[in-house]
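Both complexes below contain subunit A, partnered by subunit B and then by subunit C.
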Partner chain A sequence: MTKLLEWLLGVSFVGIAWGLVTFDLLDLQLPSVCKEVAWPIPVYLLVVFGCYSLATVGYRVATFNDCEDAAKELQAQIKEAKEDLKQKGLKM
Partner chain B sequence: MEATGADQVVGLGLVAFSLMLFTYYTIWVIVLPFVDTDHVIHMYFLPREYSVILPGVAALFLLLCVGTFIGVVTWKNRRSKKLD
Partner chain C sequence: SAAVQVSSVMRSTNKSQQRGDKYSVLLPTYNERENLPLIIWLLVKYFGDSGYDFEIIVIDDGSPDGTLQVAEQLQKIYGEDRILLRPRAKKLGLGTAYIHGIQHATGNFVIIMDADLSHHPKFIPRFIEKQKEGGYDLVSGTRYRGDGGVYGWDLRRKLISRGANFLTQVLLRPGASDLTGSFRLYKKEVLERLVERCVSKGYVFQMEMIVRARQLGYSVGEVPISFVDRVYGESKLGGNEIVSFVKGLLTLFATT
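Entry: the complex of A and B
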């Protein structure tokens, strides 16, 4: 199952549950408090996602750093690749 | 290079702002329907329909900003290519 299908399945599941509760499609006779909480849920999920994104960006801004080990590793790999290519006859 | 003091202030400010927004909005949308309508806590929140209207207005405003930005950038690009 691809990631897209997974997400579509999840979203449609939540959407169906939301529709069932909000429009009372199954005639469950839910208390009115349930409906009151249920109808703004899509907007609420959107706002929560926005808050999470903002917090992630803020946290990364507060703690960003140089990756010196990764830089060394990458430079070593570049050197290795250059030597390998030279052996195979590439002029640099 | 590490994050400077200003970076930390801005970043933690963003985290604090989002946490506050999350708490306030959660109380507004999820908790308030379970509280009696004549309770004092209702004084600190707008009527319920605004919990959808305000995010909607904010989303429209953000989309407008993004659209304007993209429009301005593409327009400038096109103009500078003509000058070349």
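Entry: the complex of A and C
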């Protein structure tokens, strides 16, 4: 199964469950509280997911390591390499 | 302490010789005259220190800047058993460069990395240890975990990178944290099978490799790496790259 199908399956499962409760399609005589809670849930989910995404990406950008030391080490090694290669007879 | 170092080198040499493992490093190059000697010097240094058997396969795609001539000089310095030159007449893309390189590789493991010094050979011994530790089919370097990171990226670049990575994780759940990185160690036969199946280009190619690896049930290990953006030459991330990345991502989303 492709990831697209997995998503469609998941979304339609949630959608069906939501529709059943909100419009009481099975005539279960659910208390009206259930309906009131259920109908805005898709919007809640979207908002929560959006917030989670922004927070996660924001946090990860803020904590992205800057490898200053790695850059310095590399610069020093480049110098060393150039001298050594020159000695070994490399012509650039 | 020199004696200790020598004996530890000899120990690890014996260890890897007993197992008969050999590591072939594929270096696809295009106009890397400045960087090639440096990356090869570093590779020789770190393989020498750790004692693993290795060869470096330079696949130059007809660079007009004379990369191949520099590579020939390096071959004279380090020997024809260490540096193999397998040039091609013109630029033909990464996937075919790997196929071309694998055909000439004598190692049972293949390491792929960029020749522009953004991937540091000091991590290779860690890749090898990680592979041995878990018997992994492939070990991928990751900029997004542990001590991993980048150097030389501004906020915009970091934001795009993290955003794209998050989106990919949500859509594909690939079980690896760095999908677009191209510093990896593969069992040779695993790389052969993957390259056959991968059709994408550019960033998406690396992503497809790891997604297909998961699909085929291969195990993936990860090692944090520091990515130091190009020292010589330019690296670009423009609108075109982003559009083709999104296209590739959606293609993988719909087909894997």
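Couple of notes before you dig in:
Please note the rule applied: the second predicted complex is superposed on the first by the 65 of 92 C-alpha atoms of A that agree within 3 Å, B and C clash if a C-alpha of one lies under 4 Å from a C-alpha of the other, contacts with A are read in each partner's own complex, and residues count from 1 in each chain.
Just so we're on the same page, a residue touches a chain if its C-beta (ideal position, glycine included) is under 8 Å from a C-beta of that chain, and two chains touch if they have at least 3 such contacts.
All of these numbers come straight from a predicted model, not from anything done at the bench.
In the superposition on chain A, contact of A:Arg60 is made with both subunit B and subunit C. By the touch criterion stated above, A:Leu46 is placed in contact with subunit B alone, subunit C being left untouched. Of the two partner chains placed by superposition, only subunit C is touched by A:Gly89; subunit B is not. When the shared chain is aligned, subunit C comes close enough to touch A:Glu68, but subunit B does not. When the shared chain is aligned, subunit C comes close enough to touch A:Ala81, but subunit B does not. Of the two partner chains, subunit B is the only one touched by A:Glu36; subunit C is not. Overlap of the subunit B and subunit C interfaces on subunit A: residues 57, 60-61, 64-66. Contact residues on subunit B toward subunit A in their complex (touch as defined above): 1-3, 7-8, 10-15, 17-19, 21-22, 25-26, 29-30, 33-34, 48, 51-52, 55-56, 59.
Considering their complex, residues 33, 36-37, 40, 43-44, 46-48, 50-52, 54-55, 57-66 of subunit A touch subunit B. Contacts from subunit A toward subunit C in the complex involve residues 2-4, 7, 53, 56-57, 60-61, 64-68, 70-71, 74-75, 77-78, 81-82, 84-85, 88-92.
In the complex of the two chains, the subunit C residues touching subunit A come out as 33-34, 37-38, 41-42, 70, 73-74, 77, 117, 120, 144, 147-153, 155, 158-159, 161-163, 165-166, 170-173, 226-228, 231, 252-256.
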